[in-house]
Amino acid sequence: MSTADVAVIMGSQSDWDTMRHAAETLEALKIPHEARIVSAHRTPERMYDFARSAKADGFKVIIAGAGGAAHLPGMVAALTTLPVFGVPVQSKALSGLDSLYSIVQMPAGVPVGTLAIGVAGATNAALLAASVLALADPALSQRLEAWRAARTGAVAERPA
Amino acid sequence: MSTADVAVIMGSQSDWDTMRHAAETLEALKIPHEARIVSAHRTPERMYDFARSAKADGFKVIIAGAGGAAHLPGMVAALTTLPVFGVPVQSKALSGLDSLYSIVQMPAGVPVGTLAIGVAGATNAALLAASVLALADPALSQRLEAWRAARTGAVAERPA
Amino acid sequence: MSTADVAVIMGSQSDWDTMRHAAETLEALKIPHEARIVSAHRTPERMYDFARSAKADGFKVIIAGAGGAAHLPGMVAALTTLPVFGVPVQSKALSGLDSLYSIVQMPAGVPVGTLAIGVAGATNAALLAASVLALADPALSQRLEAWRAARTGAVAERPA
Amino acid sequence: MSTADVAVIMGSQSDWDTMRHAAETLEALKIPHEARIVSAHRTPERMYDFARSAKADGFKVIIAGAGGAAHLPGMVAALTTLPVFGVPVQSKALSGLDSLYSIVQMPAGVPVGTLAIGVAGATNAALLAASVLALADPALSQRLEAWRAARTGAVAERPA
Amino acid sequence: MSTADVAVIMGSQSDWDTMRHAAETLEALKIPHEARIVSAHRTPERMYDFARSAKADGFKVIIAGAGGAAHLPGMVAALTTLPVFGVPVQSKALSGLDSLYSIVQMPAGVPVGTLAIGVAGATNAALLAASVLALADPALSQRLEAWRAARTGAVAERPA
Amino acid sequence: MSTADVAVIMGSQSDWDTMRHAAETLEALKIPHEARIVSAHRTPERMYDFARSAKADGFKVIIAGAGGAAHLPGMVAALTTLPVFGVPVQSKALSGLDSLYSIVQMPAGVPVGTLAIGVAGATNAALLAASVLALADPALSQRLEAWRAARTGAVAERPA
Amino acid sequence: MSTADVAVIMGSQSDWDTMRHAAETLEALKIPHEARIVSAHRTPERMYDFARSAKADGFKVIIAGAGGAAHLPGMVAALTTLPVFGVPVQSKALSGLDSLYSIVQMPAGVPVGTLAIGVAGATNAALLAASVLALADPALSQRLEAWRAARTGAVAERPA
Amino acid sequence: MSTADVAVIMGSQSDWDTMRHAAETLEALKIPHEARIVSAHRTPERMYDFARSAKADGFKVIIAGAGGAAHLPGMVAALTTLPVFGVPVQSKALSGLDSLYSIVQMPAGVPVGTLAIGVAGATNAALLAASVLALADPALSQRLEAWRAARTGAVAERPA
């Protein structure tokens, strides 16, 4: 049983440069989380085990990042009814358009809430997870509001 | 104060052909919801009022569908910390690719969990909302599991 | 244990309009085959079971067709070392470009030999399977050469 | 009340590298202008206040630059009847194609005159604003003609 | 000397199905206008004559629609300093993406304010022209505000 | 009257990095040619004068390179019946896809023979011009065959 | 030995709907031509024989149309130094974008002058062939000028 | 007669940076192979000779890599009934999208099993060849399973 609310999973070590922004944002919002490498293609059994037991393990939200023919978010979503948020990692040849299509174009029945390609998407996956968890956690709701307010306050009036 | 948990909003009447699939799926899962037309471009004040008061009005999740330069999901997300799920409505010239880019490519700080273009996306937005609400509602969780199991059971072994 | 050499699998009944062209081509070449519906997203357990046992079941080549966020070919390829040939089914909004990217852009380590979008791809997946099986089957090799020669002979000299 | 005819607004400080070319071109044409950061997503209230009062504040033309899911130009256009010219800032993953679609594909009723992606677009937004203001300002019209004539004169006969 | 403020030009008769929406919107706003066929490719001399004399002829704004390799808006803009608004007509093979790129991607120095592909763009080109002319015409400004208010008022609260 | 058979024109000095490959290939094939900057947008009069008199000036083939909203090849083709070959120069944001669409998608009636994006296209425009001129010039035909044979001969048997 | 100046070849009977427009335009200009089906993939030997002997057979220009992975124009160009003009036939899934890329993106050394996707491209290939042949045929040059003038004259002043 | 089972061919020396990954993977799996440069466009005769005799020469599988208008894999497939696997080499302007379309979109009748753009595709072409050869070679089958297992085992549990 994990004590983390959010699992941040990714297809390979190389995705961590992107996905660390999800972890850092969860950290900033004091949301217990855990980062793991779970490859749909290289470790399909691990993926099955992870997804099948994620709910029982205590996770509430899953953030999954992958690039290219990015099957991880959708396959995990097929194996659990927890909310799954997908992050298309920017790929070399197609700049993440392949990742985006592979994650967002899920057929009716198995949803993946997809965020932007790359770092912005990883950060936003964490914020979306926070907004979900905040529904039942007023203190987190306040931290999230504060995070947003701080961002708003940091916007200068004029470019420099 | 609304008694609905989920708001299903869309930019225009013509989006209803797509978005009714979100409403119907919520109906099937017995999730209280409300469908409204809120146009970012034609009724920006209505959009502000809706988004600013959505949390106080009792909504927990917002599903927003729009097509073309689809600003509704992202603007609502900018005005609330409730989870917002976006549905790119298929557009005429660009087949919803414009809708998809306008919804999913949000900058870091304001997330929209984006679903597939068109009807599949509308259905899945409802399922994702269900998975979020189910975190605090074991009965809904069971209905969701049952809905998924029924879908699985309906897959024939061989094509006919 | 199946007596079929080729498994033709697809994500849903609606893919059969495309994938029947694979089956018909295998039929024309007298290659034992079997068509099944195996959905990566709706029946992930069935997919695991199928892929994990495909080699022991006697299959030699797997043809897998799917549309949209098409994970079936790649996931099956992750679970077997049999050759897997993927057919991107033409999708509604993105005309199969999403299917193509989801199937062809596999990461190093897990190959899917991808054919053209739609009917041409389904037919060609069968021909590619035939060329593989013909390596150890001279009679099939002759049938395949004859099939090709007949196609060549059927090309008129002038348009009419 | 501003003494500027043109407002040059942008979604973030990072857009200034692009949008400064609008400001510099307005400068070269001696058109009073003002540059501000107005983020649709991080400062939606500021955006509303700006757009709602832009006409009363004395602005005649608004130039708005943004990248990714670029909602600023369209939302400002929804809140004013002043002419709005949009500049798609080049984005990282999709090279500004997302910015372009988000700005140009506005639904009937709310126009944004969209320029090219990046620096060329920023320069041209200023020139288009100049052509608008020149309709009622013969001196500006002459300066604009002169600017154009100088550009024409600067084109060498042969490449070097 | 024309008594029209706005010229609505297009590359061919077939573009009129799209461009009539510009004319009708100008009509609704009581803006004097004139529609002409001016083909950059089939009647380049006519295009030169038109563009070179447009200002002297009394036009204040030019709306130009074209499809495919759409050179009309940009070439007219190269030959006048009047504001030129371009409408990408939806093309057969590439759905207007070729038209859009050919119109919007103008180099620094010669601006074309580009609207959406197809009918929405034609309508919006007229509205943008109205917003420009309204700067010096308070009565038109009121008509434009009224037009917008009527559109806002026509948005139903709920889908039907 | 020029003594050159081929005019190599381009929209700006910056296109010369690409277009010099056309000139160098013509040089290698000993085809008299002349390189000029002719901007459709900045020097439309020069373009008209050039295209209108190109045939009388003795040119037989025109090679035109341009980037972005690349109107030069098509406009020149509209003003002469000499064969025009277009080279899409690689652009910054859209990698030359805008250039390609703007050049190749000409409407029926005014042809531009379009080559590949960038340097390969510039080289090939020269080779295509050579193949045209060689129809009436047996010595050039031999030089062209020799050029091709040398290229064939230079292909190693194995990679190194 | 053929008495035709232009060969119009295509990959299959189904391309004739497009390519007949090339033949009809050549007919209108009284240019001797011949239409043949030559499939790069189904009749590679026929293609080799055709291309290798095209010059000796008296052809001066080759027009080649094909769709999808369209190899015919480029392969013919690799086997002859006659000018080859390529017509991308509109394909089902990708609307001819695959055909266009396959034809236009030739590497340096082997040029194919590429026309627009579909019917416009077929017509223009004939016109481009005419402009090439007209270099040595003043009567044809006059017919071509007349054809163009008739088209110019047929453009109405106003849309109807 | 070659003693190699797999031919790794490519259009030019510059493709070797990509295709060497196919050769290295075959090497790792101890599969006899041979690498050759065979250019469809510069050495069409060599290509014909290679493809026509490949089967008699003892090759069982052909891996062909090419970029841009990549005709090599499809043309070789048209000339042999051996299985052909195609690798789209990443191109400069279009990032390999042109290569991908040119290889994968083959018409019904002539299949090319296409892998991912670039290095991943080259590696996977070798693995797919291995899976084909392993059907008749139990020792290779074991080496392939071991290769895959080693890859699976090398995936860390957590990112670092």
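To keep things simple, chains are lettered A, B, C, D, E, F, G and H as they appear, and every chain counts its residues starting from 1.
As a convention for this text, a contact is a pair of C-beta atoms (placed from the backbone, for glycine too) under 8 Å apart; a residue touches a chain by one contact, two chains touch by 3 or more.
In this text the structure is predicted, and so the values were computed from the model without any measurement.
Counting C-beta pairs in contact across A-H and across C-H shows that the higher total falls to C-H. Matching D-F against the pairs in F-G, A-B or F-H identifies F-H as its interface repeat (over half of contact pairs the same by residue number). Averaged Cα coordinates give chain B a centre that lies 35 Å from the centre of chain E. Between the Cα centres of chain A and chain C there is a gap of 33 Å. A separation of 50 Å divides the Cα centre of chain C from that of chain E.
Chain E and chain H have centres, each the mean of its CA atoms, that are 52 Å apart. Shared interface positions of chain E, i.e. residues touching 2 or more other chains, are given as 12, 42, 68-69, 93-95, 97, 104-107, 109-110, 116-117, 120, 151.
The chain pairs satisfying the stated touch condition come to A-B, A-C, A-D, A-H, B-C, B-D, B-E, C-G, C-H, D-E, D-F, E-F, E-G, F-G, F-H, G-H. If you check the complex, the residues on chain F that touch chain E are 11-12, 40-42, 44, 48, 67-69, 71, 74-75, 77-79, 91, 94, 97-98, 101-107, 109-110.
By the touch criterion given at the top, residues 90, 95-97, 116-118, 120, 151-152, 155-160 of chain G touch chain E in their complex.
Of all the residues in chain E, the ones that touch chain G in their complex are 10, 12-13, 15-16, 19-20, 35-37, 39, 42-43, 46, 68-69, 92-95. Here chain E touches chain D in the complex through residues 21, 60, 81-83, 85, 100, 104-117, 119-120, 123-125, 127-128, 131-132, 134-136, 141, 144-145, 148, 151, going by the rule given at the top.
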